[in-house]
Each structure stands twice: as C-alpha cells, then as structure tokens.
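Take a look at the structures listed below.
What follows is a pair of complexes built around subunit A, which joins subunit B in one and subunit C in the other.
Take a look at the complex of A and B:
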C-alpha cells in the first residue's frame, strides 16, 4: 500500500469533528494529512489541493441547507482546475447520502454512521469489510464463577435441616409426572417406531382425558392446530436465509453488564422463532420459553408441531426442537419447569434437545403458580435431578412477590430450593424480582425511588451466599405503562441498576409489557433491547448510588429470612409449611395450588 | 391485503398526535383513522389526552400467532 497525501476540508461554517477522527485514523495507518479549518470557500479548498499536491481529498458537510448547490459548485471547480483525473474526492457528513454524492460526481459519499475504517479503506483503494467485533462467539455460563459458599452460617444450617426433611419425605414417593418423564425419555431415545408406539400407549394411560384423546383419537385441544408440512419446511428455509445475513448487535458496553434474556411465548412456535431471530439480531443473549398456563394444569404433553391462538407456546418435543434448531450457537436458551404437572418431563425434553437452562421453584409454583405443594415438591426433586444430569443450571424465581408475598418470605423459599438444588448436584441461580410489588406499594419503600429496595435485595442475597444472581422476571415489573417510551426507559434503567449491582443476568420485557389487549410485537421487543443497550452505553463502569435505606432494608430482609426458616424448621415439614402459609400466606395473597392435589403416590 | 403488508411480521403501529377535546374523542378518532387506512384488526395500545390533544399509538394486526404468515413462504426473504 502506498503512502497517500490526504487533504481534509470541512466545507462547512463550523463542523469538522468527523474529519478530525478520520485524520487520526489515516495517520495511524501511515498517511500524510492536512486538515483545513472550517469556513473556507470552495475556491480556497481547490487552491489548497493544488498547493499541497494532495492525492486524496475528503470533504465534509454537516449542514443540509443548500448542500447540492455547494457541492455541485465544488465539483465543477475541481473539474475546471484539472483535478478530477488525478485526485480522488470523497464527501461525508450528516447532510450526505451516497446517492447524492454519486449524482454530483464524487468518487464516494459517506453518510451518517460511517466509520473511520471505511474512510481509510477509501483512501487506500480497497474494499471496506466491516469489522465483526460485535458478533458474539460464545455462550456465557453465568454460574461459572460461583462456589455457593454461605456467609450466613445460621441460615445455611437451617436450610440443611429443611432439605434433609424434603429428601427424606420424597424418598418413597412418586407421581405420574415422574413416570411420564421416563417414558418420554424412552420415546425420544428409541429408534424403533413400534417401540415408540408402545411407550406412547403407556404414556397416554398416565394423562388427562384431553391429552389421552390426542394420543388415542388424534384430537386437538380447541384453538390449537398442527402446523402443516409446508409451513415446517418454509420455516427451515426462512431460518437458513436469516442466519446467512445475521450480524448481531452487542448490548453490553462493558464486561460488567449482565447477560440479557428476552421472554417469548406468542402461542405459535414459528412466530416465536421469528421474534427470537429479530431479538438475536438486536443483541439478546438468551431467550426464555413461556408455555401456556393451561399446560401447567394438564397431566401430559402433546406431540408434534402445534400452534395455538393464546399466550404461551405449547411444549412438545418437536416445537422445542424447531426452536432450538433456529437459535444462533451463542444464544442461551431456557425452558421453564417452575410450576405445573409436567415439570420432570419438561426438563427431560429440554435436556435431551440441548437447553442451557431451566427454571424450578417449589415455593413459587405452589403458592402462586397453582400447583399443589406436595405434588410439586415430589416432582421438583425429580426435575432438579434431571437438570443436574443434563448440566442445566436453573433459576429459582420469586414471582410470588407479585401476588403480595413479602420479599423476605419469597427469598426464604428461594434459598430452600437453591440448597435442595445444590444437594442434588444442581447449579441454582437466585432470581430476585426487580419490581414494584404489592409489598412496597403498601409499605412505601418505593415512594421515593425504585433503586433502594431492589438494591437491598441484592445486598441481602450477597450477604447470605456467594451465588449467581439473575434478576427477573421481567425487570421493572409493574413500573411499565402502555407508553412505549416510558416502558422502554423503565426497563433500561432497571437494567442499568442491575448492572450497577453486579448481577449476572436480567430478563427484560418488551415495551408491550403493560399492554394486554393483544399479542406483543417484534417491534416492541426491539424497543427495550435498544433502550437497554443505550443505558449500558450511558453508564459504562459508572454506578447508580442507592441511599442508606438499601443497606438498612437488606439487614431487615436477612433477619426476616432467618425467622421464616426457623419457623419452617420448627414446623417440621417444608410441605406443611407451604400449606400453612409460612412462606407466603393467604393474607399475603398466596394460595396453595390445587392442581395435582392428592396425586402423590407411594412407590411400590 | 396488499403485498407489502404481507412483509409485516405481525402488526403495524401508528403513532401520532390528534387534536381533540378529550380521551373519548381521541379514541373515536383513532379507530376512525385506522379504519380509513384499511386496517381490519385494530386495537389502541396507548392513549393519553393532555390539553390540546392526545398522544396515541394504535395497532393494526396483520398476523396473529397461529395464522399462516405469508412472509414465511416468501422466497426472497
């Protein structure tokens, strides 16, 4: 590459910052540069080109007023001076579009968003190839740096006692869900169609009538339909085409910014995939599968590619596999198994397909998720064992806060299930909510700001145990309105609060979070991803500073957790403690679920 | 439906500011506007009236989950 003499001239009264940046880039690449000050005429610039014997000229123009006439005159003068044959002339700036530059006769036009590298490539007569620095290459394991050491030994001892009781209780118990999970595994692993059919017949006997009628008579639930074979093959082509042109943005500005998950579950796995690919392109690091609420109250799963017209996408092996196959290799994928009558099977299907994460919490699932405490406890132990087998970390979500359960009670339940997870070889992730919960609405901890109480939660958990924290779900819950600007801003500020507090992951909503009259849109997902990226850029390594209330409330929470755990130990039974409301009472707004009541079996 | 609307992944949002006297009138105008523009499946996502008029965001669904999406079959995607 030959060394070039480049004249940089702002054809503008004041603006020249872009040229200053390009000058630096050119000098770093070994070129000679001459930067003229702003506010020179076309004639003065032409004279400077001649006097300096420049090889290349870069003109900038920021102001749009009269741009075509001014630049047209410049090119005419360059032509008249005999410069066009030997001097390469490029034009750039806010007022420039490549089409205009070409029309006027410039060798290149650089509009807004042009990089220094692009201008250097022009000077060096080579094709500009965009840098791939924003492209993600690897999945992040947010549990990798944690040893799960308990700083609060009193709490650890109480948790161990409770976990001993749980494991002792479930040791001779089973459920139809656990049996179905093993049958599902055999169906997936078998290579013989006749053997698969035999397992399916056994499976159907363990299901509710609506699922049984699917296996026995091919009947679909209302508002559901199988996706056609041409839709399935069209999806494959669509995903392939989209993947070939993916250049994903990066949300994080610094290495302290958490990984960002979005939640999907439009009802249709193919619309989900379309949304997921859009979110990947706009920088989402992970995606979370939302299943329909009726699925949690039904014994058994369907099979095949199935769509339906309500919120939540149906869990089938085929639906989840099509979603998994559409994901970029660096995208984290979570399938929830935190409530309902199919939690072990959910983890088996997710694990066999290759999910990265799952979600399990007995306290939430049975107090706010509608599942019977005893049933969910037995199922969850099996589900955690599968999660450990498939090396899937699981978050322990505390969404019972949204029903009115105070944070300290929800955290006590979360810590019990986390300790249970550790005992069973799993990797739990704490999931406190960043939300405007009924507790704070009543007690006023968020009257002044949304920062302190959320910060208190993180301080409290860090005081207790060295464990990964993933704030959910989604962050900012109940602070967002139907106004997409307000909604996106609330999400972004909560994201930066989470980043300030050094958490590992966050789940964000779309800007449609508070909109409930129809399906959310792809565009609304991009709103909050964009806002989160901007907020990460704004704060960088700088932090938000909570007031003194945060530490005070963190201490109160820790004391509250300890008292709740003491009461559970005193009660003698974790399951009974759930029924009795020790981890969230009817007065708080938590009701032990009824789905699966009296369905636990004693092993033969 | 025109071909270009088949390129919409799910819905078209229309945001504007309507000169009107109150929120009730804003809602009426918004629905009229969406109908005039030819949207069949319309909902109002956001509406807030202050002083001279209302900030609105209306949505016309082109596809809802469970529909057959034309863009999925478009070979030029």
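Take a look at the complex of A and C:
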C-alpha cells in the first residue's frame, strides 16, 4: 500500500472534529495529512490541493438546503481546475448518504456512523469491511456466579419447612397438564407419524373443547389462523436477509451493567421476529415470549405455525421453533410458564427447542394470574422438575405487586418458590418489581424519589440470600404520563439504578408500551434501547446513592417477609395460605384464581 | 453524425430532469437511436434534500444507458449489460446497458468530464447512438464541456425574483457566447496545462506560470508584474471571480490591445456568479482588451420552471411554490436569442427541432 498525501478540509465555519479523528487514523496508518483550519473559501481549498499535491481530499460539511449547491460547486471547481482525474474527493457529514454524494459528484460519501477505518479504506483504495468490535458473541448465564447461600438462616429454615409441606402434598397428585406435558414430549420425540397421531388423540382427550375440536376437526380458535407455506418460507428468507446485514451493537458500557431483556408477543410470529431482530440489532441481550392471556385459561395447546389477531403469540412447538431459529446465537430466550393451565407443557416445549430461561411463580400465577392455587402448585412442581432437567434457569416474578400486594408479601411467595426450585435441582432467579407499584403510591415511599424503595428491595434480597436478581417487569413500569407514556429516560434511569445496585438482568419496556393505544413500534423500542445504552455510558462505574431510607426499608421488608413465612408455617399448608391471603389478600388486591379449580387428581 | 446534448441546471429543482424526460419523449417519436446518462444521481422518487417528489426518467427499448451498478435494480426497466466499466461512483461501477424492457430508470452516470467522454464515445462509436443526452445534477456545469451543446434549465428554484433571474440568465447567455479564436490562430495547438504569458512577438519565448488556474493573489501579481512584455494571457483551467476582479483592479488601462484567452466559458462560469463575471469581462473590454475562448460551447436553448420548493418555517418542511410563468417567459425571451421554453406546459417540440437542426449541421 502506497503512502498517500491527504488534505482534510472542513467546508464549514467551525465543524472539523470528524476530520481531526480521521487525520489521526490516517497518520497511524502511515499517511501524510494536512488539516486545513475551518472557514477557508473553496478557492483556497482548491489552491491547497494544488500546492500540496494531494492524492486524496476529504471534505466535511453539515448539510442544509443550498449547501448541496455549494458542494456541487466545489466539485465543479476541482474539475475546472483540472484536479478531478488525479485527486479522489470524499465528503462527510451528518446528512450525507451515498446517493447524495453521487448527486454531488464526489467519489464517496460518509454519513452518520462512519468509522475512521472506513475513511482510511477509502484513502487506501480498498473495500471497507466493518470490524466486528463491540458486538457480543456469547450468551451470559446470569446464575453462574451464585451459590444460593442463605444469610438469613431463620428465613431459610421457614422456607424449608414450607417446601417440605409442598412436596409432601404434591407427591401423590397429578393434573391433566402434567399428563399433556408428557404426551407432548412423546409427540416431539417420536419419529413415527402414526405414533404421533396416537399420542395426539390421547392428548386431545385431556384438553378443553376448543383445543379438542382443533385436533379432532381441524378447527381453529377464533382470531387465529395457520400461516401459509409462503408466509413461513418468506419468514425464513426475511431472517436470512436480516442476519446477513445485521451488525448488532452492545448496550453495556462496563462489566457490571446488567443484561437487558425485551418482551415480545404481537400475536404474529412474523412481526415478533421483526421486533426481535430490531432489538438484537440495537443491543438487546435477551427476549421474552408473551403468550395470549386466554392461553393461560385454556387446557391444552394447538399445533403448527399459527398467527393470532390480538396480543400474545400462541405457544406451539412450530411457532416457538421458528422464533428460536431466527435468534442470533448469543441472544438469551425466555419462554414464560409462570401462570396458567399449561405450565409444565410450556417448559417441556421450551426445553426441547432449546430456550435458555423460563418463568415460574406459584404465588403470582395463582394470586394475580388467574389460576387456582392448588392446581398451579401441583403443575409448578412438575414444571420446575422439567426446568431442572433441561438446565433452564427460571425467574420467579413478583408481578402480584402490580395488583397491590406489598413487596414483603410478594417476596415471601417468591422465596418459597425459589427454595422449592433449589430443592428440585433448579436455578431460580429472583425477580423483584422495579417500578412505581401501587403499594408505594398508597404508602408514599416514592414521594421523594424512585431510588430508595427500589434499592431497599435489592438490599433486602441480598441480605437474605446470595442469588441472581433480574429486575422487572418491565423496569420503570407505572411511571407513565399521558403525554409521554413510559419515557425512555425513565427506563434508562431505572436501568442505571439496577446497575448501581449490581443486579444481573433487567426487562425493559418500549417507550410506547402500555396505554399506547396501538402496536409497539420498532422506533420506540430502539429509542428505549438507545436511552439505556446512553445511561450505562453516562454512569460507567459511578453509582447512584440512595438515602438512608433504603436500608431502613430493607430491614422492615426483611422483618415483614419473616413474619409472613412464620404465618404460612403456622397455617400448616402453603396452598391454604394462598387461599387465605397470607401471601397477598383480597384487601391487598390479590384474588386466588379460579381457572383449573378442583382439577387436581390423585395419582392412580 | 451524432450530437451530444447536456442539460445543465442553475440550481436543484430548476427542471433538468423534466427537460431531459420531455426531450426523450420527443426523440422516441422520431425513432432515433438514443444514449442517456447523467453527471449525478437523478431519477430518484424523492429529492434527496427537500423530500419533494422528483420526476423519474421513462426509457424505451433499445435506449443505451450509462448508470451505476446499484441503480440497475431501481425503477422497473430491464437491461442487457453491454459493458461494466472501471468507472467507480458511490453507487458502484458504471455500466453501459441497453434497455430490453421499457420502464422507469434510475440514472446515475459518471460525474467526471474524462469519464463522461469515455461513455459518450462508447455510446456513439460502438453502440450506434445518434443523440446522447447528458442529464445534469444540481448546479453542476463543469463536466458539460464534454458535450456539443447545452440546454440550460433555470427558474424560480434559482431565484424567485423574475428580474434578477432574467438578468442572471442573460449574463450566462453572454458568457457562453464569448468570441472564440479564429481557426487559424496558433493557440489551437497549445496543449499547456499552465497559464502562459505570450509576448508581442509570438515567436519569442513565452512565460509559463506555476498554476493552470487563476485563483490566488500571487498569480495575479505575477501576471501584472510581467504585463509589459505580454500580449496574450492564456488560462487553461479555472478562473475564480475574485481573482479575475483583482486582476482587473491591477490591470485597468493596461488591458489595451491585450487579450485574455480562456480555454472555454465553462472554466469561467464555474468560478463565480454569471453577472459578476460578465461585469469583469466587460471591464476588460471597456479598458481596450479582448476576451476569447479556445472552444465555444453552444447554448442551444433555455428551459424555465416557475416551480420552487417553498420552505414553511412553521411546519419545518418544503411545499411547492410558483412564480408568474407568463412574466418569466416574456422577459426571458426578450433577453436572449435562443428558444426559451416552459417545458412543463409547452412540451419539447421546439427543442426537438433545435436539436435536429444541430444534428443536421454536424453532418
């Protein structure tokens, strides 16, 4: 490669930062550079090109109407001065695109996002191949560094007693959901079509009528339809095309920044994948599958590639597989199984396809998710066993707080299910809400700031147990205003607070999510991801500092949890405690679910 | 015989592509082989800067196009590639293609004069084109020297004041009509790329300066310092308005019986505003001097466009605006002695006749 003489000239009164960066890059690559100060006339730049015998000229200009003519004139001057055949001329600026550079008569155009390396490649007459720096290539296991040691031994002992009771209770129980999960596994694993059909017939007998009529008469539920083969192949082509063009960015600025999850579930697998790819490109580390709310209240799953007119993407083996196949290899994928009548089967399908994470919580699912506490307890034990078998960590979400259940009660339920998970060989992840919950609206803990009470939750959980924490869901929820929905700034500040507190993961909303009166848009998702990235960049290793209230409230929360657990032990039955409201009462806003009531069976 | 016609604009949105499109349509009616290229990116649906819609070129079968690689899949015309050239642009290498299925085309041809010349030669010599149209870009004019004649598109997008617009166009017209040196003058054989100062006796030693362009103080000073021994100043490259003014300020009456020879009017037009340049040329003449060009580029016609993109501050966007087209046409026609056409409303019949007359003259 020959050494080039490069003249860099801002055709602007002031802007030349980009040129200074490129100058440094060119010099590091052994080229001679001359950087002209700003505010020279075009004729003076032409003369400098001649005087310096420049091989390449890089012009920078911020573009507005009329300025295109100035740049066109510059090229004409170079041509009339006889320079165009021996001097390469490139133009850079925020509004420059290749089409505009071509229209203006330049040899290359460098728009926003241009790297120094790209400009160097132009100078050296070689093709620019973008470097893969800053792109994550590995999945992060957020449970890896945790041993789940309990610091609060009294709480651990109470939890063990409760877990003993649960395991004892469920030991001779089963449900149709557990039977279906095993049949689903056989359908997936069988290689014989006739055998699969035999399993399907058995499966259909264990389902609600709407699912039964799908298997027996090929009838689709209302507002659902199968995707055509053209649609399925178009989807695969779309994914291939996007993957070939995608250069994903990284959200984290330091190692302590948490992994960032987004949620999807438009109903349409194609749209879901488009959202996932957009979020991957803008740095999301993980994605969470949302299924329709009716799915939680229906016994049995459908099969095939199915799209849904309303929110929530239908769980079928094929739908989830197409999502899995669209994911970048480093993207974490969670399929939620935390509520509803198909919890064990959800974990089986997710596990067989290779999901990284699932979500299980008996307390939330039965107090705010609509499923009968007894039914969900029996199903959840089976589901946790599958999660352990497929090495899928699961978060234990405390969204019952959104119904008004105080954090200490929700945490008591979360810790019970976590301890149950540990006993069954699983890897639970604590998922406290990190938002403006009804409890604090009523009791005023967030009147001054959003920091202290959220920090108190993390301090409290860390005081009790050494376990991974994933804040949700989504962080900053219920901070909406009518004019701004949930602002990206609010999400980003919550993300940095979570990072300050050393949590492992966060789930974020899109700035048009909730009350947006329409579908979530990619632009809003990107806005929120960018804001999160900017906030991580802003704080780096610096931390937010809560007031002394955080520690005080953490202690109060821990005492509250202990008292709740004592009351559950005293009650003698975890399931009965759920019905009685010990882990969230009707006064709090929690109502034991009715879906699947009286459906638990005693094993033969 | 063949004819290469450039369509140059005085600004963006003055109607270059509308003019090119109208000429194309007329040419298709008389069944003549056509080559088409541009010195920039034209044919895009939306203007790159104002975001207003722009006309696209509709090309018929057998038209020969020169356009960049990435533009081949824009539009809906289909092509047979005749040559992939080594000419690189930000939109990929230039291809010379034959239209095999008519449709809308995106034309982004070579933007340097020398590359344009190569493409034109290939179109005429090897692919049989009788007429080659070169669509302009923005206010660019320099590569147009590689044509046989130009049509200038001007209008409200350049200036919404009709009187100023007419005055400026008249200046352009006058500059393009500067006298050329007669055929027997020896300067035709000069191939220098530097400024030359010729003495009274042309057989005596001439002085070659360091620059080909007149763009700075030191060159102006050097010329004035040597003016006593100089009869002809030959400038082969760019002439900047500011430097020419400086030269005039220094020369004054010294211009008497001296001649400034420029390579072509384009080298002058590139360097400044037409009215100011014409003013400087007239000063030379008033002081007894002469101005000639080595090569004359004929101005074939002027098309005018009353449209301009009107900026609406309150909306932060552009919307269509118009000036009085009757007044514009009347005043422009009085000012210049070439056809003046409102292409959008009058069509290109007059233009076609002008081009055919030129083609006839060439043969």
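Heads up, the rule we're going with is that the second predicted complex is superposed on the first by the 467 of 604 C-alpha atoms of A that agree within 3 Å, B and C clash if a C-alpha of one lies under 4 Å from a C-alpha of the other, contacts with A are read in each partner's own complex, and residues count from 1 in each chain.
What we mean here is this: a residue touches a chain if its C-beta (ideal position, glycine included) is under 8 Å from a C-beta of that chain, and two chains touch if they have at least 3 such contacts.
The shown structure was predicted, so the numbers you read here are calculated from the model rather than taken from an experiment.
Within the superposed three-chain model, A:278 lies in touch with subunit B and out of touch with subunit C [touch as defined at top].
Touch criterion met: A:234 reaches subunit B, while subunit C stays clear of it.
In the superposition on chain A, A:101 makes contact with subunit C only, while subunit B stays out of contact range.
After overlaying the two complexes on the shared chain, residue contacts for A:249 are found with neither subunit B nor subunit C. When both complexes are overlaid on chain A, the residue A:77 reaches subunit C alone and has no touch with subunit B.
When the two structures are aligned on the shared chain, A:544 is found in touch with neither subunit B nor subunit C.
With both structures placed on the common chain, the touch criterion links A:478 to neither subunit B nor subunit C. Across the superposed pair, subunit B and subunit C touch subunit A at no common residue. Against subunit C, the residues of subunit A that register as touching in their complex are 41, 43-44, 46-47, 50, 63, 65, 68-69, 72-73, 75-77, 79-82, 84-85, 97-109. Here subunit C touches subunit A in the complex through residues 11-12, 39-42, 44, 48-50, 68, 70, 88-91, 108, 111-114, 137-143, 193, 211-213, 215-216, 236-238, 240, 242-243, 266-267, 270-271, 309, 311, 318, going by the rule given at the top.
The touching residues of subunit A, when paired with subunit B in their complex, are 223, 225, 230-231, 234-235, 237-238, 241-242, 266-268, 270-271, 274-275, 278, 307-309, 481-484, 512, 515, 517-519, 521-523.
For subunit B in complex with subunit A, the touching residues are 9-11, 13, 43-46, 48, 55, 57, 59, 61, 63-69, 71-73, 75, 77.
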